[in-house]
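Order of writing sets the chain letters: A, B, C and D. Residues in each chain are counted from 1.
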Amino acid sequence: MNYRPEELLAVTLAKLIRAVPTAHIAVGAASPIPAAACWLVVKQGDPVRLSLLHKRSGNPFTEGTRELFDLTGQGRIDLFFLGGGEIDGQANLNLIGTGGWPGREVRFPGSFGSAFMYFMAGRTILFREEHSPRVLVKQVANISAPGISEAGVFRRGHAQALVTGRCVFAFHPDRGRFSLASVHPGETVQSIRDMTGFDFDVDGDVPETTPPTDAELALLRSTICDEMLETYPDFCARVFNRKQAA
Amino acid sequence: MTPISLEAMAASVPDGALLALPPDNSLPSVALAKALIRRGARNLRLLGVPVSGFATDILIGAGCVASVQTSAVSLGEAGFAPRFTAALKAGKITIQDATCPAIHTMLQASEKGVPFMPLRGLIGSDILANRPDWRVVESPFGTGEKIVLLPALNPDVAAFHGVMADSHGNIYVGRRRECATLAHASKRALVTVERVIEANFLEDERMAPGTINATYISAFAIAARGARPAALLDEYGFDADYVATYARAAKTDAGFADWCAEHVFESQAVAAE
Amino acid sequence: MTPISLEAMAASVPDGALLALPPDNSLPSVALAKALIRRGARNLRLLGVPVSGFATDILIGAGCVASVQTSAVSLGEAGFAPRFTAALKAGKITIQDATCPAIHTMLQASEKGVPFMPLRGLIGSDILANRPDWRVVESPFGTGEKIVLLPALNPDVAAFHGVMADSHGNIYVGRRRECATLAHASKRALVTVERVIEANFLEDERMAPGTINATYISAFAIAARGARPAALLDEYGFDADYVATYARAAKTDAGFADWCAEHVFESQAVAAE
Amino acid sequence: MNYRPEELLAVTLAKLIRAVPTAHIAVGAASPIPAAACWLVVKQGDPVRLSLLHKRSGNPFTEGTRELFDLTGQGRIDLFFLGGGEIDGQANLNLIGTGGWPGREVRFPGSFGSAFMYFMAGRTILFREEHSPRVLVKQVANISAPGISEAGVFRRGHAQALVTGRCVFAFHPDRGRFSLASVHPGETVQSIRDMTGFDFDVDGDVPETTPPTDAELALLRSTICDEMLETYPDFCARVFNRKQAA
């Protein structure tokens, strides 16, 4: 394996981005791998606008921090990324904590904008590197943002997929369930079942997640690392072995 | 309008006040938070606009806080906020969870002088289930849409750190317009600044768009590097080492007490640097 | 993003479009209004943001307009808008009256992506009595307050005149933030500018607060003095003589036709000067 | 008479302003006499903040044109001035036009922000120089903004007074009627009745409106004219005989 797991994930996310027409993506601060995926799509030549939310210089918003939410409310954000301390089989997200409300066992930082963005973005890619029964649970302890909504509730988009360190799930809002789309090298349907707390569908043969090409790796390690260095110095140092100039 | 001292500003925030604070990416007045610790403020009800960061965690650690309304409490790259987490677990504070645009919306309702404002999303979230002060209604426009109405939120005090004040008390915050909304929505706005400039920013087309009119500002104080460890536009960057050091120290009560003694109490000059 | 021609911009506004225009104190693109007259636009539904001025009157005079939604139509010091007044009397246009903050509120509802937004005032006004699209509800927060809900308003096209565009299509409008709200709330924003600058305003802390992000801008065109006779920040002042001359000429159909021939059709170069 | 009618009106308005604690006044463009009154209050030493809405340089608003209305909605504007094509005895204002809706006989420019400001400002001084049965009518043809409101409608303030070229009326929101407060030199209660389309109360003897003092006139003609020259050049030329430098 001539690539790092983070590089596989970035390339995999990039393919999911390109699978659907996408004009504008917003990316949060804590998401270096999704950010790398977005830059990959841009550097591969797709005319995608990226709004990097916590970029210090060139912050895209001039109306203050509400602008991201207004922009998304207007329907101008085609794709957002979300994670969760817990994610369940209905694609419900828990960023609150485990145990009773408001996280009596383990308190997570909180829901941020998830209870709005998950409804109002054109679609969401769920991303969580840790793939364990602790994170991928049958039912989340507390719902920060629901995976599907009842009739009468305005909802522009849903989860497109859930990408983890072990596999890619596709989400089907009509049936409110995930199906296994591909497994990363070294994983099997059974190994995924063993590590997943929720039930999911397996429709036919499940392929292996396509590894990065040399061209993709070259892009990631050069121009994409350049773009990311200011916002994600630790990530660039760890994954691309690149230090920021002092 | 002339500056007051930082300690006088802290003294003007009464115990029990609903105090709105922007997070680390949005011009927090860490200087005022430290001054509130020094004055021994108690029972503050903090509002994260729309999330909470370093200033909130040190105020909680110092025992100044009774409750927090916010969309998240985090030290960013440095991880979970240790004093918040410990105080919540110990039952010393309560938390009222929200989601970022809900807090913006509740402040915008106050800004517009309306009693409530609608927001999409939220329905099906346990955040809503735990907010008896929020309402779900069916749109009166006959669409059948169910939507949440959020009540106007009118903080007693808004506190943030601007770049500079002019001779008239107008405050420059650049593109951080959330500070303007916050000032508009609050009963009082207390602002620390790096410096005062002999000028009228409202008469300067290049400065005016990033300025908050003095009409919304109750008082300002000079506090050099007053946002630190947070960044201040292009004036100074985020001090990740300072926050990481804090996050390690504040894992324990004793570690926080030591940190606080050194960084809050030891010397105001040092603290403000 | 590269500029298009003013005539191409005018061609992109379809007949019948809901076209939002700021008034004379708020960066109107008079250049685009004139180009719309030259292209023979028809049945435009104009929206005054929140009132209407010179550009609206000349579009009405040239027969481009079917209806106006606005809070007032006026030439300011030069008095009543003569072509508006004549066309309304002749039954050639219809007017839907509003009040300034109601128009801001309807645009803010679109900006926030909510289907409606409340506004105080209005109850007891005949404006409300003549707006079947507005609703009076009792507050669902149990206060007994009756309040108006206004539906989101989403113009097909917003047109205004910025000071300059940068290399990325970001537009500088300074403190005229109503143009930003308008761009956010509209399906398309068409902007004329004095000039294009090789820069990225969003990377410049001093420029960013007065900038509208290119993500909201559908196209921009260079039109030197494109707001004239309206003022443009500190770039040029209001041309009161030009408007007074117009107001006198436009009292009659024939006078308007002569004025239009000279100031709109005779030479685009002259018109754009 | 060593003063102009406009000067009497400005001084009269200033007295009404000072009669009530006032921290912040907003003044529209078409109102040079109210603006002069506000400047008089300021120059007499009262700590009043003035927001002059159409001042080109130093426009007080940095949130765009909505800020005046937001500011007023917040309760931060203590006093606003309004006029009207028609004003009736209940202090209803008509800025729409005469005849049926929307002004089939004579169309006025429109309501501007009156349908909001009249409710939300701390109080309003109505000002209209023309005092005739054409303007001061029994009942306005169309209501832009009502003088009083039913229970259940949030209303922060009402008309304090109506100042015309002939007299000062006080308004009583409790009874929804005007009373005659003073008559300008040369007018009588009867002459006011003759020129007023609505019925009003006369409580006891009606004094004559106090004329400007020499000190007030000196202020108006010097420093106040200086302040007003940029925004109201025509007014300054006409009333104070002062031309703006080229």
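We adopt the following convention: a residue touches a chain if its C-beta (ideal position, glycine included) is under 8 Å from a C-beta of that chain, and two chains touch if they have at least 3 such contacts.
Values in this document were obtained by computation on a predicted structure and should not be read as measured data.
*Asks:* Using the touch definition from the top, list the chains contacting both subunit B and subunit C.
*Replies:* Both subunit B and subunit C are touched by A, D, going by the contact rule given at the top.
*Asks:* So how far apart, in whole Å, are subunit C and subunit D when each is placed at the average of its C-alpha atoms?
*Replies:* For subunit C versus subunit D, the centre distance works out to 29 Å.
*Asks:* Roughly how many whole angstrom separate the Cα centroids of subunit A and subunit D?
*Replies:* For subunit A versus subunit D, the centre distance works out to 59 Å.
*Asks:* Based only on mean CA positions, could you tell me how far subunit A sits from subunit C in angstrom?
*Replies:* The separation of the two C-alpha centroids amounts to 40 Å.
*Asks:* Please set out, as single numbers or ranges, the residues of subunit B touching at least two other chains.
*Replies:* 108, 112-115, 119-120, 145, 147, 175, 177, 180, 208-210, 234
*Asks:* If you look at subunit A, which of its residues touch at least two other chains?
*Replies:* Residues 57, 59, 61-63, 69, 73, 120, 154.
*Asks:* Among line, ring, star, complete and other, which one matches the pattern of chain touches?
*Replies:* Topology of touching chains reads as other, fitting no named class.
*Asks:* Hey, which chains are touching each other here?
*Replies:* Touching chain pairs, listed by label, are A-B, A-C, B-C, B-D, C-D.
*Asks:* For the complex, give me every residue of subunit C touching subunit B.
*Replies:* 105, 108, 112-120, 135, 137, 139-141, 143, 145, 147, 149, 151, 174-175, 177, 205-210, 233-234
*Asks:* Taking the complex as given, what residues does subunit B use to touch subunit D?
*Replies:* Within the complex, subunit B contacts subunit D at residues 110-115, 180, 184-185, 200, 202-203, 208-213, 215-216.
*Asks:* With touch defined as at the start, can you tell me which subunit C residues reach subunit D in the complex?
*Replies:* Touch residues, subunit C against subunit D: 25-26, 49-51, 70-74, 76-77, 80-81, 85, 88-89, 95, 97-102, 104, 108, 119-128, 130, 138, 144-147, 175-181, 231, 234, 237-238.
*Asks:* Which positions of subunit A touch subunit B when the two form their complex?
*Replies:* Residues in contact with subunit B: 29-30, 54, 56-57, 59, 61-66, 69, 73, 95-96, 101-103, 107-120, 142-146, 149-150, 152-154, 234.
*Asks:* Report the residues of subunit D in contact with subunit B in the complex, numbered from low to high.
*Replies:* 24, 49, 51, 57-63, 69-76, 120, 154
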